[in-house]
Structure formats: C-alpha cells, structure tokens
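Paired with chain B in one complex and with chain C in the other, chain A is shared by the two complexes that follow.
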Partner chain A sequence: MASIKEQFEIPGKMRTWSIALICVGLLALIIGFATKGISTDQHQKDIFWGTLMYNSIYFLLICNGSMFFICATTLAMGGWQVVFRRVPEAISTMVPIFGLIAFVILMYIVFGMGSHTHIYHWLDKDAVTNDEILKGKSGFLNPGFFLLWTVLAIGLWSLLGWRMRKLSSEADDPALANQDAGKSFIWRNTVTASLFIVWFGLTVASTVPWLWLMSIDPHWYSTMYSWYTFASSFVAGISLVALWIIYLKNKGYLAYTTEEHLHDIGKFMFAFSIFWTYLWFSQYMLIWYANMSEETVYFKHRVEGAYKGIFFLNIIINFVCPILILMKRSAKRNYTLMTFMAVLIIFGHWIDFYQMVMGSVRPEDAGLSWLDFGIAFLFVGLMIFFVGKALAKKPLLPVYHPFVKESVIHYT
Partner chain B sequence: MANKNFVVGCFDDEAVLFPAVKKVRMAGYKIHDVYTPYAVHGLDHALGLRETSLHTAGFIYGITGTATALGGIGWILSWDWPLNFGGKPHFALPAWIPITFELTVLFASIGMVLTFCYLCQMAPFVKKHQFHSRATDDAFVMVVEPTPKTNLEDLKAFLSANGATEIEVQEAEAGWWLGTYDKQQKLVRDKGIEVA
Partner chain C sequence: MHLKYESQLREPLVNGDKNYHQVTEDICRPIEVRPTKLWYIGFFISVALLLFGVYSVYREVTYGIGQWNLNRTVGWGWDITNFVWWIGIGHAGTLISAILLLFRQGWRTGVNRAAEAMTIFAVICAGQFPLWHMGRVWMAFFVFPYPNTRGPLWINFNSPLLWDVFAISTYFTVSLLFWYTGLLPDFGTIRDRAKTKLRKKLYGIVSFGWSGSTKHWQRHESLALVLAGLSTPLVLSVHTIVSFDFATSVVPGWHTTIFPPYFVAGAIFSGFAMVQSLMVILRKVFNLQDYITLGHIEAMNKVIVLTGSIVGCAYLTELFMGWYSQNKYEQYAFFYTRANLFSPYGWSYWGMMTCNVISPQIFWFRKLRRNLYVTFFMSVVVNIGMWFERFVIIVTSLFRDYLPSSWPVYYSPTIFEMGFYLGSFGLFFTCFFLFAKYFPVIAIAEIKHVLKTSGENYKEKVGDIEKEPVEEFAHQYAH
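Our next item is the complex of A and B:
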C-alpha cells in the first residue's frame, strides 16, 4: 500500500490555473457590475443579475448533484463507488460556498432590486393585486416564503452533506474493520442518506426550481420543470465527477479506480442525458400539441424567436452527441472521449440553464457575451480551488469502508 | 452434423474454476464452453471470448426501426394522403416522435432476441443437449472439446488435477441444424447407428 499515492497534493499548476480563472472572473464581475449592475437602465441591471443568478444556481446544483450521487448509491447499497467516493464528497463541499453566493444573489434580486425588475415579476405588488393568477400563487410566490425556503434548502443540503462527509471520515479509522462497527457505520450512513434524499426530493426535484427558476415566468407553469432541472443538473454533476476522476488518474492517484468504474459513470452520463431528453420532449410536446397560448408563451421566443439557435444547439449537445458518442462500450472506457463528453455535457447544460433563465429575463435578444463566460470562469475557478483543497484533506481511498473490497474488484 | 466427443468437468467453486480455465487454455486444450448457474463476472474475459457484436446488430435494428417509422409516417401523412389533424402542420414531427421511439425499441428488441437465439443455437422444437443438469443448480461445468489426437485419459487426469470433481466423456452434437439433432440421437439410441 505504501507505493500507492493516496494523499492528494495540490499541484502548483492547478492552483495557478484556478487563481487565474478566479481573477478573470472577478474582472468580468467588476466590469459587469460597473457597466450593467449599477446601471440606471433596468434592462442592463436585469441582464447582470440574471447572469449571476443562473450561473450561481447552476454551479450550486451540479455540486449538490455529487452529494445526491453519494446518497443514492449509499441507499442502493452500492459498493462500486467506494474507491472514488472521496471525489464527489470533495465536490459536495462546494454546496455551502456556492449556496452562500447563490443566496446573496437571490436575496439581492428579491429584496434589493425593487419591484420593477423583469426577473421576478411577482415582486410587483400592484401587478399582483390586479392579476387573478398571480394572486392565487401569492401564498407561494412571496418574498417571505422565498427567503424561508431558500435558507432551509441550502442550509439542510449543507448540513446533511456535512454529516455524510463526517461519517465518511470514520472509514480512515482501523476501528471500522470490526464487523459490528461496520454494520453500524452502514446503518448510520443509510439514515443520513435517506434524510438527504427526502429533502432533495422536496427541494431540487420539486419546489426549488419552481421558486428560483420557474417563477421568472410567473403565469406559466409546467409539471415537468423540476424534474427537467434535476436531470440537467445531475447529468452535469456526474460529468464533473468524471472529469475530476480522470484528472486524478492522470496525476497518478486513484490506483484502484479503473475503467470499470469509469464505464459505470459513463452509463450514468448516457442514461441521464436520455432521461433529460425524455423530460425535455415531454414538456415540449404536450405544450406544442395542446397549443394553448398561456402555455406556449414559454416556447414562443425560444423556438421561433431570438433563442432559436441556442435552443436547438442545446438539443444537439445534450442529446444527439451523448446518444451517438457514448452508446458504445469502448467509448465509455476511453479516457479521452469521456473527458471530451464530460466537458461537452457540462457546457451543454450550462447553455440549458442560460436559456431557461435569460430566455425569460430578456426574451427579445439572445447571445452569450463576455459577461456569461467571465462569470462562469469565476465559478469554475472557485470550484477547482476549493475542491482541490477538500481533496487534499483526506486520503483518497476510504481504506476501512466495509465495501472497499467489493469496489476494488468491481467488474462491469 | 457430426456428433463429437466432449470431456465434461464439474467444478464446485468459482474460485477453483478460474485457475482451471486458465490452466486448460494454457495447456492448449480448446474449451467448448463453460456452463454456470449464474453469470460469473470476468469469466468471458478468462475464456478469451471476444466482445459480442450483438449490440452493433441492435443498433442497426434500432436505426432500421427509426427509419421505418419516420419514413412510413412521413410518407403517409405528409406525402401520400395529407390530412388536417387539429390544425397541425402536415410535417408534425413532435407528434411522430413517440411512435418513432416505440418502433425503434420494437425493432431493436425483437431483432436482438432473434439474433441472440440464432447465436446461441436456440430455436423452437430444437432440443439442446444438456451436458450436466447441475449446471442450472450449483455446479460450474466446463466442456472441453478434444481433437482426434487428444489423449482423453490425459485430459481427464489434467482436469482432475485442477480441481474437477466429476469428469465424464459425452457424445453430443457439435453444431445445430433444425430438427436433425433429435433424429440423430434417436438413431444412436435405438439402433446403435453412428451418424457420420
């Protein structure tokens, strides 16, 4: 065991790159804030805060997808993920950090921007009193509930995630090699994981996308929306895990994580891309078929208007590419192809979140600008910086985890 | 089809089977197949089987289904006999997607089942020879195909040395042909006629 590198040390190059990305992102943030964020033009202001909002929510949700992956595999009594489990764990340490950032941005939009913003129309009290639909939804769409639910959502994700990571630290202790200790360990993991999954179901898979994203179009609703958001964030999240694993493998770590494990992660990427498409299509087809104006309003400017290109690019990147490229077994076992697909999927779902938010905030014109990429660089830089730090804190292999042998001999 | 001799070895344990498979192959004997009560992970690798082409066939069947559905519906509804359904365009692609999906799945699944049966030499009314009935219960049955030059006693001793608990020589049909198998078995059993 001594020859195997289990303790991650942050390479200088990674630190330089992450700090460079953060600097570029901060520069974009400052320029954007000066030219758009404090502009007297409400439109420019909406663009700036909308950009911050979709980036922060996207990166928060994909990092939270890591913890969902851990909890779901724990509940399924999965053993195969144990050899690389510390990687999604490290990614999930981003939830409190990105959660705080997203919280500040959302709170500014709700409480600081005034009622004339185009981001959340339901903030406009005069409009709500004269609008039967908005009045009916005002028990859900109001600043007080928004604040409460956002705090609860981010707080409990962070808390339960922290609890799962703390439990995982026990797997470095030889005391766990005892059979009874192992059983108790699995049981405690199961309890916390099920609490997380329940809360995840009540938030990411239902209320949170309604509250944060769907309420940008307060008159419109879709029962598919939350699942759609969940699928989008989870497939990007699992791609992020794949990228980190491939990076660590390249650096000579994770000796026991083989292409067998990568193959299974590739299956997740493939399957959830198809699942995302299924939800995308179900949402689109029903609205297209019924053709009712209060429902088609969401798709009008996306399919026929300014967002046409981005909307169909979204389908090509997130459906056509994964199904054709990842279908073959050899593709899922190929490190280069998996890296390419993971980057493509993360980019594709970032585009998806872009059109979900900006398509409603400014329906009349579309186009990714320096601001979108700059803010994304900021979040990617922060992610690399803090995930690297979190990875260096613990050994990469939880040696005394009861399922570690099952994971090492995993065969697909 | 010719009947052939096979040397059948029974193993009680997966852990004994794997080194035995390796040694039998190293010694140059040809393993006809290994019959196990459940799918044993890694056995295909140990036997040196190539990756199956079944999934490539499945992809082709699936694409055929997609093309059939899109081509068929497209020809009927937009070309040959356009009808107005609820004011939708004649080329109403989203409405066709569910049927296209179903036909893709149907073609792929039926095509793959038939191909699988063909590759496994299974067909209705063909009774396959069962080398050892414990292969469906608790034994791992390795079937070695000797050449005419193979010394059967040596092979049996070799299997026994590598952990086989039960060894016997059986005569069975090497390939398959619809119906001929049963007839040949009957001839052998009833009249002692050797079918060449």
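Our next item is the complex of A and C:
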C-alpha cells in the first residue's frame, strides 16, 4: 500500500508568493507611513492608522476563529473534523503574531497619537471633561483599562490556543491508541477547550468589540454589536479554513479529507452567512424601527452618505451571494465554487470591518484605496508565510486521535 | 457498503442486548397495556387543573379583562409572561428534530418524539394567552388580513404583534407536520401488532396506510429533510419575532438590539429544561432507561449550561449597556428597578439571575450532569427562572412608565389570572398524558436507524476495528 503524503513541505511557489505579497504590503506600509502616517494633517493620519487597525483586528479575529472552531467541535465531541484538524490549528498559530501586531497598532493609537485623533474620541481629555456622557463612560473607556484588557485578551487567546495545539501533538504518538489514554486525551482537550470558549465569550462575544471597535463612536451603543462582530469574523474564519484545505488537497495532501468534509464546511459557511445576516437585520431593523437619533446616527451616513455603495455591497456579498450560491448541495461539494465563495466571503467581511471602522473614522468620505489593499496584502502574505511554516511542522493527519477513524469514513 | 462504526470512546445510545424486535417490544409496551394507577391520578389532576383554567377564562370572557389585575401602565402582566414562557418551551422539540438532525447528533433519536410532542402542546398553550387577552374573543378573526366590510380598516402590517400571528401559526403547522410524518411508520408498527379490530382500524387510519415499502421510506426520508430545512429558520424566527414585540418599542429595558438572538437562546434553554423534567420521569415510569440513557440526559444538560451561559452573557451585556449608554432612562430601568434588590420588583430580577445564570453553572461538572435528582431539580429551577425573565422584562419596564404619577401602582395577579396559568398546565399535561398513553414516546424507526452504529451490543462487535492502523482501515472502508 502506498503511503499517503501527510508531511507538508512548503512549495517554492508558495514561499515566493507570500514574500511577494509581504513586499507589496511593506511598500504600501512605508509609502502610507511617509505620506499619511506622519502627516501633519490629522485626517490623513487617522486614515493611515485606522486602516492598519481594522486590518490587524480583522485578520486577528478570523485566525482566532479557527481556534474557536477547534474548541467548539472538541466540546461537542465532534469526530468529522479530525482529518483536517491540523489545518485550523496551523491557522490559529497566527493569533500571537497578528495579536502582537494589533497590540502595537492599538497601543500607538491610544498612547502615541495624542488626544486629537478621530479614531478614539474618548482619548480627548478636554472633550471628556465637557461631555457628561463621555465622562460617565470613562470608567470603561480609558487608556489603562484598554491596555490591561487588550493584553489579557490577546495573551489568553494565544496561551490557551498554544495549549490546545500542544495537546494535539500527542495524537502523533502511538501511546494514544490505548483506550484509557484516549479517554484522558479527550478529557484534557475538553478542559482546555472549555476555558478557551469561556474566555472567548468574555472577550470576542462581549467586551473586546466594544472596546476596540464600538468605542470609535463613543456616544453610540448597540447591545448586538459584539455578537455581530463575532458572526462576521467567524464566517470569514471558517472560509479561510476551507481555502487552506482546498489548497492542500490540490497539492496532493489531506488524502482522507474528501468532498464529504468540504460539504460540511460549506454548510458552516452557508449557515453562518445566514446567521450573520440575521444579526445584521435584527440590529438594523430595531434601530430603524425605533428611529431614535442617538441610535440612527450610526447608520445615517452609512445608508445615505458616502458609504452607501459599501453598505449595500456588504449585504450583497455576505448574504445574497452565499444564500443563492451555497444553497445547492452540489455547490458545497465543488472545489472551484467553494474556492470562489471562500474568497468572496473573506473579502466580504473584510469590507464589513472596513465600514465598521472607517465608516466612523472618516464618515464624510469613503473609498477603498491602494493603502487598504496594500495593508491587506501584507497581512495575507504574513498569514501564508507563517501558516505554511506551521503546517510543515507536524504531520497533517493526527493518526492516533481517538476519532480519526470516524472522520475517515465520514459521509454527509 | 457504509460501515456502521463509531469510536468506542462514545457512550452507546442504546444500552443492553437489543435487536430490532426488542426495540419494538420495549417502546410499544406502554401503549398496549392498561394504564397504571399513577397514570390515572396524573391525568385526573391535569384535567382538574384544565377545568379550573376553563372556569377562569369563562370569568374573563363573561365579565371582561377587569377580572385580571392589569392596570393603567401594566397592560401586559401574567398573560403575556405566560405566553412568552410557553412559546419558549415550545422551542426545544423542533430544535432537536431539525437543527440537531442537521448537526447529525445521534442522541436526538432518544428524545425527539416526546420533545416534539411537548413543543406542539406548549405552542397550543402559548396561543391561548394572546387569544383570550383580546377580551372580545369572538372578534379574534380580525387578526387575519382579508378584504373586509369594516371600511378601510386593515390590520397593521407594521406591528410585530401581527408578525407573531404569522410566525407562530407557521411554526405550529410545520412542527405538527414534522412530528406527524415522523409518527407514520411507528403508527404502522402499532397497527400491525394490534390485537383488536377497533385498534387496528384506528391506528390504520392515523398511519395513512403506511406499508413500509421502499417507496414510502424514500419519500418519508426526503420529506424529513425538507421539513428539517424549513424548521431550522422557523426555530429562530418565532422567538425573534416575539422579541420584536418588545424590542421595537421605545421603552427602557425593551428597546435593545441583542433581544432577538438572546430570546432564541433563552427559549432553547427553557425548552430543554422542560424536556429534562419530562424525560427524567418518563424514562422511569415507562422503563425506558435503555433508550433515554444517562448519556442523553448529560447531553441535554450540556445544552442547558451552554444556552444558560449565552443568556447570561446577554443579561450582562444589557446591564453593561444600561450603564455604558449613560442614558438616564436606561440606567433607571436597569439599576433602579431591576438590579436593585430593594426596588418593588427587585426580587424578580435576582430570582432570574440566580435561576438562569448562576445555578446552571453547576453543569460544568460531569458528575452533576449525570445525576438525575440534580437534573430534575435544575430543570424546574431553570423554568422558574425563565418565567421570571419574562416577568422582569414585561412588568418592571411597564410599571415605571414615563409618567411618574402612575408609579405607585404595584401589579400582582388575581386568582383568575393565576387560574388561567394553572389551566394552561392542565392543558399541557392532559395532552401529554394522552400522548404518552396512545403514541410511541420514542421514535421506534429512528432508534433502529442508530442501533447498529451506537447500540451497546453492536459496538462491542466492531471493537477490534479500533486496533487497526488508520491506513489499513481507510483502505478498507473509506469511500
């Protein structure tokens, strides 16, 4: 019997592409920094740092979505995902890297930019003293807490994610074939996964989006905001997993991952696109229905002003396309179509993050420029480079995982 | 051929040395013997409660809404609280049958039938409250949109209350169809086993002439998938629209964007709690411990701790936003009337927090998830908590209206308001007792479907497969 390819070797082409993307990104970063980043015009400066901010947060959250996927399936005792589990694991190694980048950018905005930035208006001490509402919020919106919570959030995601990946390495060891060892393995996975999920709930599903993103509009609030952010980043995260799986399949790896598994990932992409739309609609409709100016202010310029095009594009890409295209069974089992949809969804939610951040940083004018794409290329390049490395570190199949055989015969 | 295999680390879904015939015997037995004394006692208590409910409603229809203690600002009280509570309970069945089917959760087969039945009865109970709350119930048909002779008086399509009419009736219809089509093969089985002519005739009629042919099975399976697809958005839509009843209003404590998903999570939470209450008793009384195993109970307790925590996250989000908004009205609603233990209704908020958020956390521990007494106790606690939640939302927001002159009014129900609620329990349990007597409480055909993969004795037979190396295994069985 021919042995299967389960040790990933980074193809030269992939390395070249990732380095090329990083170079293009760095070029954009340098030009952006020189022309906008250190500009005396506060508006240009805000655009530059705002662009860095939404990109870093977006890519951090979608990579963290991979770890969420692993932990959620672990807690649900899922078996079907084991044959490709190493892929989301590799993607989740980006959390410390993107976390560090996001941390540096956020800290510069909070501590380095001074109080005149339009990104976080609550940093402006004069404004806070003269504004009852901002003054009232200062217990939450202050640099000290921002620093503390950001460190804790990124730190614990990274730590618990690292712990999950470390546990996963045990599945390469024949000692795990023993039933008792398998039981203990599942148990230890469950404990760490539940810690991760709880911390995820306390950060991504609540505090972190308020602190990092919603506070860009410091007067505005919506209880749905964090769950919405979670849905947006998770559906893009699962699409990223799909994309990597398809890439590896095309290179001849992941022999046991079949269209059955792809089909189920497609279902996730489909279902969470609808779920995102559900949250989008609920938030929008309730604010529209009540028609109170302190709430509608968020949507006013997004629906009617400069962001009108992007606002509708967001719904078309992230709702209309997935529901129409991914509805069919055959679409979810088609590698080409799934590749297209995964790219589209990742792009679509990048647009969503763009309008969430830039729609508030620069409400008066919109438009994706070379800077937005350049910075995105930088993150994509880094992601390809490091995820490739992480994939090459371990065998792609956790051979002794107790559920691996269920996954091999999985059919949907 | 598809290999019937699952990991030995998974608990069997069917315990004991079972074969297809034994499964049929075990599940049909309660239907084919005379009911026990306990059944009669329970049934008559339920009917008595139902009659008290009927009397309470009779009072309300005859003398008017004044029979209840609703007042100028608290225009919704126990009635709408009970409505939302029952609707919430009516979520678990369809979640189990549809969403867990899509997630391929094998354990659903042990509990789906009874949970779906419970769903249908709960929705029937829920429907009573807005219906009789109309006062002039003979005008109830006014809610339907049709060209009428009342001048240009159409229903208000902008009102979430009207959306409720459509959402709930659609949900009810689809749930009923789902449940009933699932029952057809089992009715066929009971008919074939019938010893008397009458019994054969009656079960023959309700089984729609089910013959068990391949054609029937094929259509049955495709229909199940279509209905599962339809029900999945319905599970979410019903409580979403119920939440719109509140969230569209500009009332502090009601108008909050997280309401739709948080109501859905809460509904599943309470629905599972009710399923637990019923299952813990049912498995014992009907001797079905081999089919509704501790593993099933544990799985449902996991759903309870998950949804309880989601609901907790939503409560804390609301509370935080109440403060963060720096909106005086929101702050008053959340910090003066709700989270303040010494405000007139503070007890209800803290009752809700204790029952729904704090107490379910004990289910992080495996031992407690598998303890039947703890499970039963917690299932009751959760449903009390979820009743409090709706009471908190409705009454605490309404009794402190924008008009301070109406403030001193404290709302508490009359005996007939309570009677109506008790009557809905009567209705629910009367239906459930009849169901348990005349219907197979576990889906016989579906248990047979998982038996060879997850039955204890079958799992033992494929134990050796665990030892095969993956590559060899894949070569032999992968497709």
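What we mean here is this: the second predicted complex is superposed on the first by the 410 of 412 C-alpha atoms of A that agree within 3 Å, B and C clash if a C-alpha of one lies under 4 Å from a C-alpha of the other, contacts with A are read in each partner's own complex, and residues count from 1 in each chain.
By our rule, a residue touches a chain if its C-beta (ideal position, glycine included) is under 8 Å from a C-beta of that chain, and two chains touch if they have at least 3 such contacts.
Model, not experiment: these values are computed from the prediction.
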Chain A as common anchor, with chain B and chain C clashing or fitting: clash
Partner chain(s) touched by A:300 [first = chain B, second = chain C, both, neither]: neither
Broader residue contact with chain A after superposition on the shared chain, chain B or chain C: C
First (chain B), second (chain C), both or neither touched by A:140: second
Which of chain B and chain C A:166 touches, first, second, both or neither: neither
Partner chain in contact with A:329 - chain B first, chain C second, else both or neither: first
Partner chain(s) touched by A:289 [first = chain B, second = chain C, both, neither]: both
Chain B versus chain C as contact partner of A:411, first or second or both or neither: both
Against chain B, colliding segment of chain C, chosen among 41-49, 203-211, 257-265 or 383-391: 203-211
Chain A positions touched by chain B in one structure and by chain C in the second: 289, 411
Chain B-touching residues of chain A, taken from the complex the two chains share: 281, 284-285, 288-289, 291, 327-329, 411
Residues of chain C defined as touching chain A within the complex: 2-3, 5-10, 102-104, 233, 236, 240, 244, 247-250, 255-261, 302, 309-310, 313-314, 316-318, 320-321, 324-327, 364, 465-467, 470-475, 477-479
Contact footprint of chain C on chain A as seen in their complex: 1, 3-4, 75-77, 79-80, 132-133, 136-137, 140, 177, 179, 182-183, 186, 194, 198, 201, 205-206, 210, 221-227, 255-256, 258, 267, 274, 278-279, 282-283, 286-287, 289-290, 292, 294, 397, 399, 402-406, 408-409, 411-412
Chain A-touching residues of chain B, taken from the complex the two chains share: 41-42, 51, 55, 59, 86-88, 94-95, 97-98
